[in-house]
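Next, two complexes with chain A in common: one pairs it with chain B, the other with chain C.
Showing the complex of A and B:
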């Protein structure tokens, strides 16, 4: 049986992230949800998702800080940043910190899934598995 | 406005437009989920299924439109961040065409951006430059005929960046408009021109009608 892609979605906009997770589940993707940076870091330790979709602008522990910590503890994990700003500054900053890529919010679900699949391939091709499919 | 006031205005607009974008993102996903669920149901199993699918599609279409507007607002707000910054002139021309589009539309005039063949950059006051170009676009619009089309086109004149704003292709020769012979609407731009070390030239031939803004 083909394994399902597992992703962690991190965004403080709860309705947004829950709805997005539901849409991904409909498309056969296992989507975990965290609504702040601390919860995200817990889930990363527990579930080790290969791909994390991370909102840059979050209160408390911000997206770029989560990215930095995550890349230190799980360097193979691939991170797609969601930036809400017209400015691409945060996205470029995130790329320097090791993000796989960044997308502007709101994003088309087809574009997000395509990017997640690319990130998943990058994870799979980067050596010993850290975590993965359910 | 002082730089502090400009930066404050920009910060607040950027923050609010960011919030609006979050709202739009949530509505977009909710409409998408409605659409997903309706399409999962067997055909005609839900009353008015086709109409509901169409309504969800309309919501998504209008959200995409709203996102473009908010993005324009957000980029405009970010132009107030710094008193000097490096500006991509092709990107700016596109943004100005978007920001001024409605003013042109109300007069029945088209407004488009035409990119330069290469990437052109300039370090200057981004907000001041937008204000100057908006003023030049207004001047073009007030002289243009209904049904015509105005171009905003970055270019290089004698090795320095410039903007052609007018109908038809970019003009090759033009007359410098001094303070003394400037029409009233362009005289109002003199302060901006001086601050940005720019000059404005009038082009009034039959083929090329418009203005050339050159930076030194």
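Showing the complex of A and C:
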């Protein structure tokens, strides 16, 4: 049996992020939760999750800024952006900053897990190639 | 001059241009103006021509008539003088005894008749007035003339030429009498009668056409010759007698039937008579009448042509103006509409975000319920489910609040006036931007005056206005910037809304152009229509907008709105 996938969920909507975490747990994924950018960066330092699901629009430290910072400190970490915004502008901007992909809210859990698995594989692949470990 | 014209055709009088009556009046005034400036010269030309030609025609016609009548007068004078001389000559050449002799007198008379036309008879009258000898068709021997006026006349002047009369002879004739005085003081008179048909011959020699009448009048206005139209010899001339003129004179008058005639005459002194020539006016000026009708036709045709062209052209022109005005109006409406769509597009993104978040929550909560049911095999943890469904309902409530707010955002483009609480409207508009402000950490201060009077205005249009200005303010400030929305009563008729930001500001040059359509500093995005439409709407609502800005320090927009919407819309 392979190791349990560990992800960090970051969103200012606590109701959303907690419930999503619970559903992921049910599906055997270890989900960490942060409700703002600062907490997210803190958890990233502590837990170094290979995959981060990041809401773009957050008061205070925004999603794109968190993405920028974690990419400089943990370039291998894969980020899936979540956006509620109607436009794809932020998504594209995020891709330029090195996000793995972006999804529009509300998202079907199957799609999210599939995307997370892909991101995890990308993380693992980059790890074996670069010889790093997590 | 230009002012005068434009005032006349009402171009710059600030009235609403869209009403059909305006175009009608505009067309009417231009038409009148153009007709006046084209027809007046035409009319003047025609009248000047008319009078010039009239006077030229008259001179041309009257002058030859005068010459002719003068010539004829001389012929008459000559004719009479000739015969008077002949009689004088006989009186001097022959003695009393010769003339008293019937045979000698007859011989002389025959010689006279051979040399001069018109003589009817010849007689000698002694100082007592008795006819001593006589040659002629009548038996006038020993006739007594002593108490006849002409006998006294001839004694007085030595020579006498009578008017035409019928006398004993019962046909028109006149008399020439000459007195001869002997050395011893005795005198006698030689008298002859002349047939007036000779006058008629002289008149006939003028060669007049059928429509022209010529005759001789004595000093009492009695016909001495036949007139074609006015009467016979010895009738009284019915025409009014003009004053004596020795030179030929022409005048226009009317004949007894009231027709216009040309009356040419001249007077002679010895004997006093008047030669008259009458031409019917229509005959005289036949070519003039033709010319007059030509001028009339040309003038009328000109007027009709000018009228048609002017009315047609101006009609087409005004129609074009009206059409282009309508097109412009339409284009403006389209602009307004596309601007509205643009700002709605911007809103939509924000709104989608706000709706998608609660939807995402519902999605997860419902998904979790399903997961739980699958795991627990249909056994439901009621308390847990209660919490989950509450969360779902909460999110639904959030969505509904947003959609309701959206519905409150009026979509209509036409102006519909209602009573508006401006403060609430500003809050409403801001609520659309609130999320953006939150995410960008903008400090938005609402400084709304309490007891702000309600205004009569259009809700949708005002939302549009403040949304535009707020959008600009949000674009101008950096994240963490400051925007102040202020409302207060400006004076008794206006309320004032100030929207101030501490953003990038504008240069004076930019500030001068911000209300012009298609002027934009947002390269790439922005239609350049926002503020020009804002300006248009505020004007339409009877208010005004001012902008004040300093580069690097920020911008303030002041919107003045009337409490009551003024009539006329300007």
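Worth a mention:
One rule holds in what follows: the second predicted complex is superposed on the first by the 126 of 134 C-alpha atoms of A that agree within 3 Å, B and C clash if a C-alpha of one lies under 4 Å from a C-alpha of the other, contacts with A are read in each partner's own complex, and residues count from 1 in each chain.
By definition in this document, contacts are C-beta pairs under 8 Å (C-beta built on N, C-alpha and C of every residue); 3 or more make two chains touch, one makes a residue touch a chain.
These figures come from a predicted structure and were not determined experimentally.
In the three-chain model built by superposing on chain A, chain B clashes with chain C. Of the two partner chains placed by the overlay, chain B and chain C both lie in contact with A:15. Of the two partner chains placed by the overlay, only chain C lies in contact with A:58; chain B stays clear of it. When the shared chain is aligned, chain B and chain C each come close enough to touch A:105. When the two structures are aligned on the shared chain, A:97 is found in touch with neither chain B nor chain C.
Contacts of A:43 after superposition: neither chain B nor chain C is touched. Looking at the superposed arrangement, the partner reaching more residues of chain A, out of chain B and chain C, is C. For the superposition on chain A, the stretches of chain C under consideration are 39-47, 327-335 or 543-551; the one running into chain B is 327-335. In the superposition on the C-alpha atoms of chain A, the part of chain A touched by chain B in one complex and by chain C in the other spans residues 13, 15-16, 19-20, 22-23, 26, 57, 84-87, 104-106, 109. Considering their complex, residues 13, 15-16, 19-20, 22-23, 26, 57-60, 62, 83-87, 104-109 of chain A touch chain C.
By the touch rule above, chain B contacts chain A in their complex via residues 14, 17-18, 21-22, 24-26, 28-30, 32-33, 36-37, 40, 63, 67, 71-75, 77-78. By the touch criterion stated above, chain C contacts chain A in their complex at residues 348-357, 359-365, 367-368, 371, 375, 388, 391, 394-395, 435, 438-439, 441.
The touching residues of chain A, when paired with chain B in their complex, are 13, 15-16, 19-20, 22-23, 26, 57, 84-87, 104-106, 109.
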